[in-house]
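In what comes next, chain A is part of two complexes: it sits with chain B in the first one and with chain C in the second one.
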Partner chain A sequence: MNFNRNTALASSLALVLGFATPVFADIKIGSTISETGPASFLGDPEAKTLKMLVEEINAAGGVNGEKINLILYDDGGDPNKARTFATRLVEDDKVVAVIGGTTTGTSMAIIPVFEDAEIPFISLAGAIEIIDPVRPHTFKTPHTDRMACAKIFEDMKKNGITKIGMISGSDGFGASMHKQCLQIIGEYGIQVLADETYSPADADMTPQLTNIKSKAGVQAVLNPGFGQGPAIVTRNYAQLALGLPLYQSHGVASDGFIELAGAKAAEGVRLPGTALLVASLLPENDPQRSVVVAYKAAYEKATGKPVSTFGGYAHDALRILVDAIKRAGSTEPSAIRDAIEGTHGLVGTTGTVTMSAKDHLGLDLSAFRMLRIENGGWKIVE
Partner chain B sequence: MPEFLQFLLSGITVGAVYALVALGFTIIYNASGVVNFAQGEFVMLGGMITVFTYAAGLPLPLAALIAILATAAIGVALNTLAIAPARGAPVVSLIIITIGASILIRGATQLVFDKQLHRFPAFSGDTPIAIGGATILPQSLWVISGAFAIFLLLWLFFTRTLIGRAVLATANNRVAAQLVGINTNFVMTLSFAMSAAIGALAGVLVTPITLTSYNIGLAFALKGFAAAMIGGMGNPKGALVGGLLLGILEAMTAGYISSQYKDATAFIVILVVLFAMPQGLFGSKSTDRV
Partner chain C sequence: MIMRPSNKVVTLVILAAIILIAPIFFPSSYYFRVGSLIFVNGLAVTGLVILLGYAGQISLGHAGFVGIGAYACALAPVHLGLHPALAAILGAFLSAVIAFLVGRPILRLKGYYLAVASLGFGILVSMVLSNEAQLTGGPDGMPVPELGLRAGLKTIGIDLSNTEFWYALSGLVLVVGAWLALNLYDSSTGRALRALHGSEVAARTVGIDVAHYKLQAFIISAVYASVSGSLLALQNKFVTPDIAGFLHSIEMVTMAVLGGAGSVFGAILGGAILTTLPQVLTVFQEYEQLMLGLIMMLVMIFMREGLLPAIARRLRGRGE
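Moving on to the complex of A and B:
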């Protein structure tokens, strides 16, 4: 009896679902994103953004009269899974383009799949290795750590700072940015007098900061890091009263950082952030203003959660892709690829994107805004 | 000299955090011989539940109390639903069950709460206290006193109370303990409730310093476990000394040698201690106490 009822229920459910699914094929866009797992704080807003925007685009009539069919897989941050999903997207789902690869690890694992299949792929991960050297079918939207370093060093130079101390997280983000910064620091005539590290789960960084404090000649401190580390560094920094400018990285550019570090300890901290973070502070004539304000409002309405930079990466990737499909007037992967490479002056949340055969990122330093924390809020320093 | 003092204060602060976690391992280990790898999740739950009840508008002490009681209830549920049904299984299987439980708790927390980092205000403000040119935050004093208070209570519990001795007896020989009239099921339930409550209290005390998020438990559990192993698993004195030793060692390495080698030094010392004294610094006494 029970069994029969369940079977009836299941088959009627299947019937309803069957009717709900569109019958004809649309523009198939694939995606493998780390919605769950250790990188979920990146992947979750990315997936939400893609779903929201695809719905929005389809409601407005789709692209070139065709609806977008988003096929989204959750790889949980596991490169092996991402690779399996990538193969499935290419072989079974037959998508025309792919957005995804939340982390550098998953992105690097799936790049060969799309390069072999000659399907355009827009990565959402940070590392410069994804687009350097340039691969014909691989693009990305997030700015690189090196650009964040350059932005910070530019600001230091402007303020006459030539000798700094560094305290970096030993996790992937901190170590990578530390390396990138040291590669270009010479171009700005800045010297690192003290170079300290901490582990991502450390509870107290006063020993490292005490050593930086006792080093004569240090004019500012830079903290490349991610997660709770930079908030604890900022609190310890205030505790020890170092009295020097403290630079944080784009890794903590969020309102949550001010809350975690405490407004008092975070006062005066400088960091490079995107326009999205300071949407309401942008001047009226800023080209990014309308884009970031619209995305922020839509995202916060749809999800009830504050907007994040990471969701912005997915926003830009989809906009670039849709723009390319429109210009190509075709859904042939090779035509889309050529059109993505020809992206010119597309205003996104991370910056204004102009790609070329040599540059598959298309952002310059203006993508970052130098911000300062004042009275528990952000202020744009230019 | 101010540098040395600053390293020492940092080491004691971090060490007290490790000690608090290590103390939580003690009771369950003493009652069952199981190293409870979900102990870090209890610490995480203490912090996370406090964060959300506090954000809902409750005063901090009440929020903390709710967090401790709720975590204790989760500890009891863990025992009733996962450990008790596998009673006959070898200790290794039970340890693996606790690892599974920790993954479950972590996953449930990110669904019930969220994936963000959180903190709540320190109990007595954030104004650093200056001691001889070095500084310490008032919250560190709370953590240090918390560690000592729990150590004292546990030490009294195991040496001065009948029920504490019953816990030790249960670990030593469950059948013999039952024969002399000890309700071993109750002892197990009690030990999980107490361990979870101590873990949650640790979470409440350390969150203003370390911050909290759904995935912070594993790091706590590993450092707390290391501290407990140095001091001797199951001995409250060992947990306290082991935690402080580990913290001070890390701070001194970061201060005088290099912050790069901080974790490596800690692990080398653990290896040396365990080679020389496999039971830990205070371990051998506790094994034949009953």
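Moving on to the complex of A and C:
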């Protein structure tokens, strides 16, 4: 029975030791990301990207002659855990800036920590609430759902579509985008004739789509959502032969979506995506081409996995931060904050970033490319 | 068992002493945050001790009550204009009413059936919180107003940082909660609960209203969970439906079982271990989940009644 006592002893020793991990100088950048848990498909490429880029930067001599020390925690997508790690980054690890918050929930939960401590924070989550209203120390890199809506509606308008049906996921992403779309849809003179929802775990959306099909006058269907939902919608859509243009959101802008929905069912689906997704299709003179091609090649070499938009968000966040530290010539959080706000014309994977005191995102609609799925691949329309 | 009353005092004194003395060793205010999380979890788990340890009834849906307490603090100040502290009380009251309504039918069930029914309740609450987006902000969550007590303390000369304040407040609530739970153990209700835990048939034979006492334990533990949810929401100033999620329910039961479901101090210890372990295990990076599982398995295999009772028994055994 000695074993029991030893186990207890060992675990209590681990407790003491774990709290006393030594830390070294250098530029300390913190990060709390959902590497595991339900949002891991977002967080995993983000964490891999950060690790890869920090290694790359340090190998090239660091920033202003100093090495970056990346302190990365996995919050598992739990906002409460994220909040604890955020406190730890600020109070215990004494980082100068933080990248993270994979989901809107975790981001919103940790913003107060950084605002109180006056540490610059670059979120990797989608919702517009993160930067609107503008908080002095909070920035973000992913384009908002509202911009995706605007891009889609522009394309609809160009194609003379004025009456649409919507089928939205009831998860965080779907619900948020649904709301944002309805807020701006009036500006484009488009009407929603049918408004359906599905739960992210639903396995069949035929009833909702049948409802939309039976509504007279619908010219196109828009499906805000991510994960498997939109793939099922796309399959059911093809089965029901609605014969109308189907618009998906940027939430499914990945090769995985075509695979999941099947190339045949996905044929002709339109969606707004980033330059990263179509890196090799970009024209030579595209300002983003060199950036996205380089990132894609480096990521795929380092991880052996296909590059994803979400990793691109982390790429841009780190580039913005490193650029700001260089320009500030200092690692004071307040100086870094000011420099981030002064980011001008920085080319990232999501677009060209120009921030200001009123805009802590710094992207415009050109950040999105309207894409169409053709023969199981992407095509840029425009 | 003549030692019982002094045991109660000893438990409370040790608990209070740990809460008071620990901050001396805290190198940074991050440890206050971890401490306050331990107390908040400890409070919810103390409630479970009453249900699980005293009365022997399982609930896999208690995060539902945590969610109700948390969202009461987020919603009542906005929609009813209530002070956040009153909102927490409203949440506790609401949890009690819901526990009464839900408890009546589901506590007739036993074993797996009770576990599944309570699980269903917890999932229902988290579904409502996720789907009623216009009210709750949906899966992205919503902000919670400031309690305002810290500013009040400042005016009378007690200036605490945010994390220190929440450490102190949740520590205080935990001591009160533990005191109430320990008192309950020795009361006639506590005796009735323990009797029905031993054998429902025997308890009924000696005239104990089994359904009544089970329901009572369920309601009390629901109030504990609700208060812990309120404390968590107020301290985070932000709440998402994850707080009411299935995993949180499981986590609470695991804390109780790990530490020893029959003992208040053991359950708090279990809560403390499961709250700090993920923080400690960050040094193991990818192996964190593996280590957590390993520790759980070792405890379950070698200390079936939970950490504290097993250690206490062994120490006693050696002394005699």
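FYI, the second predicted complex is superposed on the first by the 358 of 382 C-alpha atoms of A that agree within 3 Å, B and C clash if a C-alpha of one lies under 4 Å from a C-alpha of the other, contacts with A are read in each partner's own complex, and residues count from 1 in each chain.
Rule of thumb we're sticking to: contacts are C-beta pairs under 8 Å (C-beta built on N, C-alpha and C of every residue); 3 or more make two chains touch, one makes a residue touch a chain.
Everything quoted here is computed from the prediction, not taken from an experiment.
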Touching A:239, do we find chain B (first), chain C (second), both, or neither? first
In the superposed arrangement, does A:284 touch chain B (first), chain C (second), both or neither? neither
I'd like to know which partner A:79 touches here: chain B for first, chain C for second, both or neither. second
Per the contact definition in the header, classify A:104: touching chain B only (first), chain C only (second), both, or neither. second
Is A:172 contacted by the first partner chain B, the second partner chain C, both or neither? second
Between chain B (first) and chain C (second), which, if any, makes contact with A:382: first, second, both or neither? neither
Considering each complex separately, which residues of chain A are in contact with chain B in the first and with chain C in the second? 170
Help me check something: in the complex, which residues belonging to chain B touch chain A? 3, 6-7, 9-11, 13-14, 17, 110, 115-119, 126, 128, 135, 137, 206, 209-211, 213, 215-216, 219-220, 223, 251-252, 254-255, 259-260, 262-263
So, in the complex, the side of chain A touching chain B is made of residues 38, 40-41, 44, 170, 196-204, 206-208, 210-211, 214, 227-228, 231-232, 235, 238-241, 256, 259-260, 262, 264-265
Of all residues in chain C, those that touch chain A in their complex: 27-31, 33-34, 37, 130-131, 133, 138-141, 143, 162-163, 232, 236-238, 240, 242-243, 273, 276, 278-283, 285, 288-289, 295, 298, 302-303, 307, 310-311, 314
Complex contact set, residues of chain A against chain C: 1, 3-5, 7-8, 11, 14-15, 18-19, 21, 36, 73-74, 77-81, 83-84, 87-88, 90-92, 103-105, 108-109, 112, 116, 127, 129, 170-172, 175-176, 179
